[in-house]
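Each of the next two complexes has chain A plus one other chain: chain B in the first, chain C in the second.
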Partner chain A sequence: MKAACHRSLWIARITFLEAIRQRFFAFLFILGAALVLASGAVRVFDFGHSELKFLADFGFGGLFLFGSILGVVMTAQLFFAEIDNRTALTLLAKPLSRAEFLAGKFLGIWAVLGVFVLVLAALLAAMLGWRAAELAQLAAERRLAPPECDLAGLALYAALQWLRLGVVVAMVLAVAAAARTFLFAVVVGALAVLAGQLQWLSQELLLKPAEPGLGHAALWLLTHLLPNLQQFNLGDALVLAPHQVTAGTLPWVFLSGVAYVVAFLVLATFLFRRREI
Partner chain B sequence: MTAAPAIEVRHLTKDFRIGLKGVKLRAVDDLSLSIPRGQVYGLLGPNGCGKSTTLKVVLGLVPATAGEVSILGLPSATAEARARTGFLPEAPYFHKFLSGRELVRYCAHLSGVPSDRVEAAVEEAVALVDLREAAGRLVGTYSKGMLQRIGLAQAIVHDPELVILDEPTAGVDPVGAAAIGRIIEAMRARGKTVVLCSHLLGQVEQVCDRVAIMDKGRLVLEGAVEEVLERRDRHVLTVDALTPAALAAAEAALVAHGARLGAVTHPRRSLEELFRELVTGSRDA
Partner chain C sequence: MRRALPWVGLFALFLAVGVLADQSWRRSRLALPEIGRRELEPTVGQGVLLGVLGGFRTVVADFTWIRGYVLWERKNDRAGTELLMRAACALDPRSRFFWENTGLAVANDMGHWEIRRRGGYAKVPKEIQDHLLRGYAQRGMVLLDEGIASTGGDAALLATAALVAELQLKDLGRSADYYRRAAEARAAPWFAARFAAANLWKEGRRREAYVWYRAHWLKVLRLAEDGSPDDLKELRDMEHELRLPLLQRLPLQPWEVSQPGFVPRTSEGVTAPSPVGGQSRK
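Moving on to the complex of A and B:
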């Protein structure tokens, strides 16, 4: 077990080094950071929402959108780079199991996404902290209650987003393990992420009374197979209204996230098991 | 009790399904082979004859359609069998952002070299392939010959008992190919079994103890190099200072004994021998 972890960590290390050298990563990383920083300049266009909510939404959007794109494209790209360049041939001829290889790939990509989330969350925290302090001072002058902004909640939100991206990476790895081409893996992976994001809709539909039939069965299958990626989006509740999060919510979201990661990695290993390299 | 062969292949068949209709293509057809330990074994054949597929099945990279394969007495698909095997694939590609030394270190960790032995094992492997000076350079800057040699280093860093080399001299100039030949001989001297797939038949003849020739997925010939090449029905006499009179007398003597002189020619050296003679000492870098 120790040896298996050691080998997976070496795969993760090289995957991490490969990923951070990619121009695509640098491009989305800079774009995401620029979006968060630009939110301070365009906060006048807050469309009637509170200013802090506007700033937070910008940051949450950047994390969500660019994180998802990175998670899908980078996972498929790094997986197929090993297959197409035939480096997998050299690696898998060593006493390295396919499960260890996939675990290493997952950890390496997830670590890169961790850096992405950490930096964007730190920038967002700086923006929110700076503006919240200014607004608190203004509120004090007017003898009003200061706006709510919980930076510890932001750290929790960042951790949840990292976990959500972990589910995305594991899901795309499972798709890539069965796919023949990079493009197929990206398209199907992106569709799976989109379906996961909308999974709550099928949950709601399932709750409505309906005749048992093929449609109902398909809905049931969709609800139970796809992860509910929307459940990780607790940004508003954690940062701007911390008292709204119930006690059991976070452990449940955390545990279901971990369970989905494990389940998709097991599926990826099963699909990759007999793939011809 | 005799030790199990380095590789034992029994009735191996491998089919690939191609195209949308899943048309069956038989790459290896009922192949049986036994590769003894401690020898250099040449696996030869034209492109597409099933050599690389056979090696991939041996290494567990491709599942067999039928048949059994074992490495050193162990089922070939097990991690334990692979831990005792080193592999250099055809036209190897390595992560360009790693230096040669980093690449070999990475492979040493994946191959199960104990952490306190890794640095010594890396230096030993790099020295054996004569890349000590260039080991700090990025792999992306290596020539083809150097890539093959660093590929060899990653294959042998964990001191495997069996080393499988798929076209190790492809795209390498004759000097580089000769250097790889010397490394193979050094491995044989250390008691390793080397399986060599190559189109450089001259080199195969020089370094291999046994050869197997495949065609269209089937084994067409197998045996010790000396045995398969020797023509026991013909003889060669090498004579110095042969005059026309001596030649006529020799021919008459042969006829008198019921033999026939087939041809009289001057011995030739190979172009490779001439090339190596002229550029001795130079290396590809």
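Moving on to the complex of A and C:
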């Protein structure tokens, strides 16, 4: 077991170094960071929201959009690079199982996404903290209540986003394990992420009272097979209105995220074992 | 059979995870007010999708609002205007700005657009005009009520609802009720308490107006830095007009005597000048 972990971590280390050197990662990383930093300058164009909400939304949007793109494209790219360059063949000829190989790939990519989430969240925290302090001072001068901004909530949100990206990576790995081409894996992976983000629509339909029938059963099945990625988007509530998150919500979300990661990795391993390299 | 076993196992695994995620979603959706809003369904294909997906909600809401505002300026597409404005509200239900302006646009403008669409004021009978204007004012009030609930009872939204109830629906009692809630809310507008009392007074509920205004002055307004002298003056006028015995009146405040225009009152004769201010009781 220890040896297996050691081998997976070795693959993870190589994957991490390979991913972090990619120009694609650097490009999206800089774009995301610039978006968060630019939010301070474009906040004058906003209307209808509190300033902190506008700033936070830019950061949440950057984490969601660029994180998802990175998760899908980088996973497919790094997986197919091993297959196309025949390095997977060499690696798997050694005492390294396909499950260990996939676990290593997953951990390496997830770690890179962890760096991405950490840096963007830190930049967002700096922006929010700076502006919240200014607004609190203004509010104190006018004898108003200071705006609510919970940076600990932001840390929790960042952890949730990292977990969501973990689900995305595991999902794309499962797709890539069965796919024949990089493009197919990217397109199907992106569609799976989109479906996961919109899965709540079917879940909402299920919550409405309806007569049991074939359609209802199909909907139930679909809802329980597709991952619900919307449940990780608790940013507004965690950062700007912490009282809205009821006790016990976060452990359930974390648990369900970890369960999705494990389930997709099991599926990926199963599909990869049947694949001819 | 044995070949199908792993697939059955995977199916069972995903179902189990799905049940777990279902429980998680039932809890987390309570913290997502944007979720499950019917107003978004018709606009999902018009660029609102990104906002629904997560992140950039405010930016998408801003753009949706601008598109709705452009239609509002043209004044000829009632359905489109309302759809986009409501979508902006649904994308960010905590925003007062969207609710307030959507409520006002529906309550104040759309009735007139409908009359114009039917041929204009000269062609549409007066009763139909009143019916239309009232109907749209009611729709605006429904929106404002929804906004009040979504923003946790925003004082400015309550004041806007009070204004629509008074000017469009001519319902002073309802207006007074909204003003009263606005006065009791956090960051209450300075005029809310006075207007609540004035509308109750104008409706003939004079005693009730005085009792509430007095209690509110004692509990809230008196604690303001300046002691809210304008409100106290209004209360003094009310006491005078109600001919309250001196012992039932508010005790004389130490700083009141030094106020410009202070006139010691007796319970005899109504000689006070008409009250001044934005919302006269007369």
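By definition in this document, the second predicted complex is superposed on the first by the 269 of 277 C-alpha atoms of A that agree within 3 Å, B and C clash if a C-alpha of one lies under 4 Å from a C-alpha of the other, contacts with A are read in each partner's own complex, and residues count from 1 in each chain.
Please note the rule applied: contacts are C-beta pairs under 8 Å (C-beta built on N, C-alpha and C of every residue); 3 or more make two chains touch, one makes a residue touch a chain.
Please read these numbers as outputs of a predicted model, since none were measured by experiment.
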| item | value |
| --- | --- |
| Overlay on chain A: chain C relative to chain B, clash or fit | fit |
| Touching partner for A:96 - first (chain B), second (chain C), both, neither | first |
| Chain C, chain A and chain B - angle at the middle CA centre, rounded to the nearest 10 degrees | 170 |
| Touched partner set for A:2, first chain B, second chain C, both or neither | neither |
| Contact breadth on chain A, by residue count: chain C or chain B | C |
| Touching partner for A:263 - first (chain B), second (chain C), both, neither | second |
| Chain B versus chain C as contact partner of A:23, first or second or both or neither | neither |
| Shortest CA-CA distance between chain B and chain C [superposed frame, angstrom] | 16 |
| Chain B residues within the chain A interface of the complex | 16, 56, 59-63, 79-80, 82-83, 85, 87, 89, 91-95, 97-98, 106-107, 109-112, 151, 154 |
| Of all residues in chain A, those that touch chain B in their complex | 3, 6-7, 10-11, 14, 17-18, 21, 85-87, 89-97, 274, 276-277 |
| For the chain A and chain C complex, residues of the former touching the latter | 45-49, 53-54, 57-58, 60-65, 144-145, 194, 197-198, 200, 203-204, 223-231, 233-238, 241, 244-246, 248-249, 252-253, 255-256, 259-260, 262-263, 266-267, 270 |
| Footprint of chain A on chain C - complex, ascending | 6, 10, 13-25, 27-32, 35-36, 52-59, 61-62, 65, 88, 92, 94-98, 186-187 |
